[in-house]
Amino acid sequence: MDYAVQQFLNALSFGAEYALIALGLAIVFSIMGLVNFAHGEVIAFGGYSLAVVGTILTGNPLILMGFVLLACVAVAVLLEKVAFRTVRDADITTGLLTAFGVSIILQNVFLLLGSPRPVAATQLIFLDRTLWLGPVQVSSLQIYETVATILAIAGLGLFLTRSNLGIAMRAAARDFEMVRLCGLRANRVVSGAFAISGLLAGLACIFIMARRGSAAPHMGFDPVLTAFVACVVGGFGSLPGAVLGGFLLGFLEVGMLVLLPQSYGGLARAAVFAMVALVLIWRPDGILSPASEKGDKI
Amino acid sequence: MTRLNASQRRGLIGALLLSLLILLIVGLYALWGESWQARVLYAAFVNLIVVIGLQTFMGNANFAVFSHAAFMGIAAYAAAICVTPVAMKAVSLPDAPWGLNAFEMSPLASALVALGITGTLGLLTGLFMSRLTGVGVTIVSIAILVIVHSIFLHRTDIFKGNQALFGIPRIFGLTHVTVLAIVAIFAARLFRESAVGLRLRAAADDEIGARAMGVDVHRARLVAWVVSTLFFAAAGIAYAFFLGTISARPFYFNFVFLTVAMLILGGLRSVSGAVFGTLLITIGLELVRWLETGPTLAGVKLPQMLGLSGLLLGVVIVAVMAFRPHGLMGNREIEDLVLPRKGTS
Amino acid sequence: MLEVAGLKVFHGPIEAVHGIDLAVGQGTCVSLLGPNGAGKTSTLGAIVGSVRHEGAIRLDGRDLGRMAIEDRFREGIALCPEGRRIFNNLSVHDNLRMGAATRRDAKGVAADIDDWFARFPILGERRDQSAGTLSGGEQQMLAIARALLSRPRILLLDEPSLGLAPLIIRQVFELIAELRRDGMTILLVEQNASAAVEVSDRVYVMANGVIRRAGAAAEFGDGSGLMDELTGVHA
Amino acid sequence: MLSIRNVTKTFGGVAAVADMSFEVAASEIHGLIGPNGAGKTTMINLISGFLTPNSGRILLDDTEIHRMPPEQRARAGIARTFQNLRLFRNLSVRRNIEVAESNVGAGADRSLVEEAIDRFGLRGVMEQTPDSLSYGHMRRLEIIRALALRPRVLMLDEPAAGMNAEETEELFENLEWLRARHACAIILIDHDLKFVLQASDTITVMNMGSLLASGLPRDVTANKEVVRAYLGTGQN
């Protein structure tokens, strides 16, 4: 029983992390059809900025966390302006490959300026303590992570349903031109989407850094890969789908780790991806794919 | 086989021209090259086969896929395990299950087994991939890459993981891979101009239009997917047979970055583009690698710059996408540069 | 008010409109009639800035020709597009809010939205439902309301009767007539010639990318003579 | 030869085509007209397989085709053009035609397409890509491409759109030639009523997804209902 609760919390926190990242991918994709491979590098950038600022300026964790969020938002918005604006109207493959290239560039910039080895940044490690909830041993980080993710999703939900810009973003996912025909500036909507994706990446970054205690060029790549798969399963471009897919993958992964014999632990992710592939045989466009009734528009 | 049509005849001319280019490079090496360059050239030609294989699916169907390193790895391991003598496997794979270390095969049989296994996996994954749409194809191809890689890493009893599987007989030399590269060029050009290649390109331009013209899009994609895995298999076999030792590490993302950048630079849509992109990036990387190690230039010792080659690849991809999204060659093939088409005004 | 001179519109390599002139006076309703493919929608697209075009487009003497879509909207040009293009993943209320997104007076917006709900109670009843669930006629009303919520200086209406039942079409045209009485400037694109002529002050007839005929609405009678002009069919 | 029987198609609860029935005889030109939004293009999509009817049947001779995917129907002899051109923009004109040609058997009449290429004036541009063609040439290429399927039913969705009077006249002559040269039924949709009425043997009129009238061109134009559908409700 205790074990089950523990694993459940585990799955919840894994899922929370994937959901945060997947949401960041989905919001950008839904509005401009860009498969943002560079999202992981936004997270890594947050990690490095924590390392740098934490060493030079301050050790105050609150300020540092704020700084990580800010850094991720800034770099995400900047990437859109510098790299993705030129391919905004291009076909999906062009955008995807551009993002892929941006991702490689950033990884190697980290490699050049930092080092191939992880750079220590232990300022947020304190978030990860062992707690006893009665007989159950849990990590405080898992609880923070789950709660923060739920709050972030709720906040995002409020933003998307209450604010003009949020409503415009949802509308833009359907018909971007019509949003412009309502007087909203295209650049603002797109920048807004990237800012949100950066904010979500920053949040994920804080938790990843609290767990790892170090930044490395590839630190964002693996979680983003999983988040991509989460997006595809949930239905690419669907925000609820991203959340659902993220948590689904978290639970599958923990389930695999629990069910597979110890010696097969390394295969957990492979097994998860394989299962996901099976989901796609059943629904090629994902579980919550946006309804596509092509109607007469052929 | 019916008579070749005009486009197919031009395709043969183009393939011939590209082959001459390959032979020219090999000839230059034979005359003036230094022996260490054989290895560079060999690697370049293996990459060339991969990039051409990538072109057959990615270029004709216009989907971005990243699973080629996995198929190449599968073929390399399969060929290696088959061809390595039993005596050697007792040392290199002492714990292999299912009697994998208790048999050995001729190089030809090993290659055929490797092609067969890879092709079968290509068919199985293809049945599934050909039905997915847009982004799904890319993401699932990445999932395939990750799955295969984790299996390589995990089953150390078969694949040795990040350690080297050594003792593979070194059967191939530069001649073999040159011949293989030329065969690949011809095969890819003929495929591009074949009925399936044509239908696939039509569907990439306008899927609905193609279906209205009777094109079975899923089938065309499936054929192209399997054909491209066979190219990757050939490259994997050549890789194992030349190096004599393989490990899982090269069959992962870095290799994917490299080959995709090569294809993009030259231009997805054209086989000639694949060839030019591979050659250009190979030359560029040799220069950059030299810089990376911190050479002494005019008496100044430059700092070591790890990551410069990766940075260059990324910049190439982004710059090509921003300024020349169809690569250097676009829709053109080499013969279009040499022989203008009749009837073009 | 709105003046278009020497307007050419392009779709890729194709010139769909071959240099037309038209003018809409303050507080008038002008209709642009013609068969499918005549270039009417392209003309509206050029005025709002969503398609490539050449020639002058002036609003009260100010040339809009080089402005982006969103800036032209902010100058006071609102389009109710062909096919309505309602955001069917948003609620009715949010669709209206999108129309008023450029306005800063939250209270005024809320009051205007309430006015529309009073005018079309069905929209009010469904204010929190997704707009995709509305019927075609309701969606048309919503689209018109959305365009008007920005308090534009001129309203462009593209085929508001398209695909609607006769009864609903009458309602739509009643609304247009009412807006005109209230002093709204309207440029109306229609295929439904007789209904359009009835609510208009001035009529332009377009075919194959050029203006064939222009004149006061009265010259066109009940519009039935246009059948001949548009189709070559003797009614 | 082609029969549409009680076909209904709804989108989100709204019927775009409601209980439509009509017959197209072999080697007739059948005009399908109606005001904007009447459901003509939906009908073409239902026949060519890009939409599947909610109910009703579509038969080619005695074979039910309404559940086949579009590519299978194309091979069975149902060819079409599109309102918005759907040419393969990275393939030469020749290759565009070969895509369709590659799906017909070896026994097909080779000379048909060659004659059409000459007749439609595309001989000189065979190696160019569609982007470099004039709009009229693009439209003609779409027709030739559909013809390369050696269709039994050829559906033309607004072939005269964007054409001037001369070009429309030429299109009319080409249809006459086509009918003499290759025995197939032609379904013709166009907003240029004069053209459709002149070219067609039989006319079917749709309004709001339903059949409004059908018959000979002169009967249909004399029909008050038809006139009213075109001019709107102001008549009464």
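A, B, C and D are the chain letters, set down in written order, and residue numbers restart from 1 in every chain.
The definition used in the following text is that a contact is a pair of C-beta atoms (placed from the backbone, for glycine too) under 8 Å apart; a residue touches a chain by one contact, two chains touch by 3 or more.
For reference, the UniProt names are A, B = Branched-chain amino acid ABC transporter, permease protein; C, D = Branched-chain amino acid ABC transporter, ATP-binding protein.
Please read these numbers as outputs of a predicted model, since none were measured by experiment.
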What pair of chains has the most C-beta pairs in contact?
-> A-B
Please list the single chain whose C-alpha centre lies closest to the global protein C-alpha centre.
-> A
Give the label of the chain whose average Cα location is farthest from that of chain D.
-> A
Let me have the rounded angstrom distance from the C-alpha centre of chain B over to the C-alpha centre of chain D, please.
-> 44
Inter-chain centre distance, chain B versus chain C - centres from mean C-alpha coordinates, in Å = 55
Distance between the centres, which are taken as Cα means, of chain D and chain A, whole angstrom = 48
Whole-Å separation of chain centres (CA-atom averages), chain A against chain B | 31
Residues of chain B touching at least two other chains | 208
Going by residue number, chain D touches two or more other chains at 12, 50, 82
Residue list for chain A, restricted to those that touch at least two other chains = 298
Which chain D residues qualify as touching chain C in the complex?
-> 12, 14, 35-37, 131, 134-135, 158, 161-162, 164, 191-194, 197, 208, 221, 227, 230-235
How about chain A: which of its residues touch chain B in the complex?
-> 29, 35, 83, 86-87, 90-94, 96-98, 100-112, 115-116, 217, 221, 225, 228-229, 231-232, 236, 264, 266-267, 269-270, 273-274, 276-277, 280-281, 284-286, 298
The residues of chain B that touch chain A in their complex are 62-64, 128, 131-136, 138-140, 142-143, 146-147, 150-151, 153-154, 208, 253, 257, 260-261, 264, 305-311, 313-318, 321-322, 325
Which of the residues in chain C end up touching chain D in this complex?
-> 13-14, 16, 35-37, 132, 135-136, 159, 161-163, 165-166, 169-170, 191-198, 208, 222-224, 226-227, 230-235
So in the complex, which bits of chain D are touching chain B?
-> 48-50, 69-71, 74-75, 79-80, 82, 86-92, 94-96, 98-100, 102-104, 106, 123-129, 145-146, 148-149
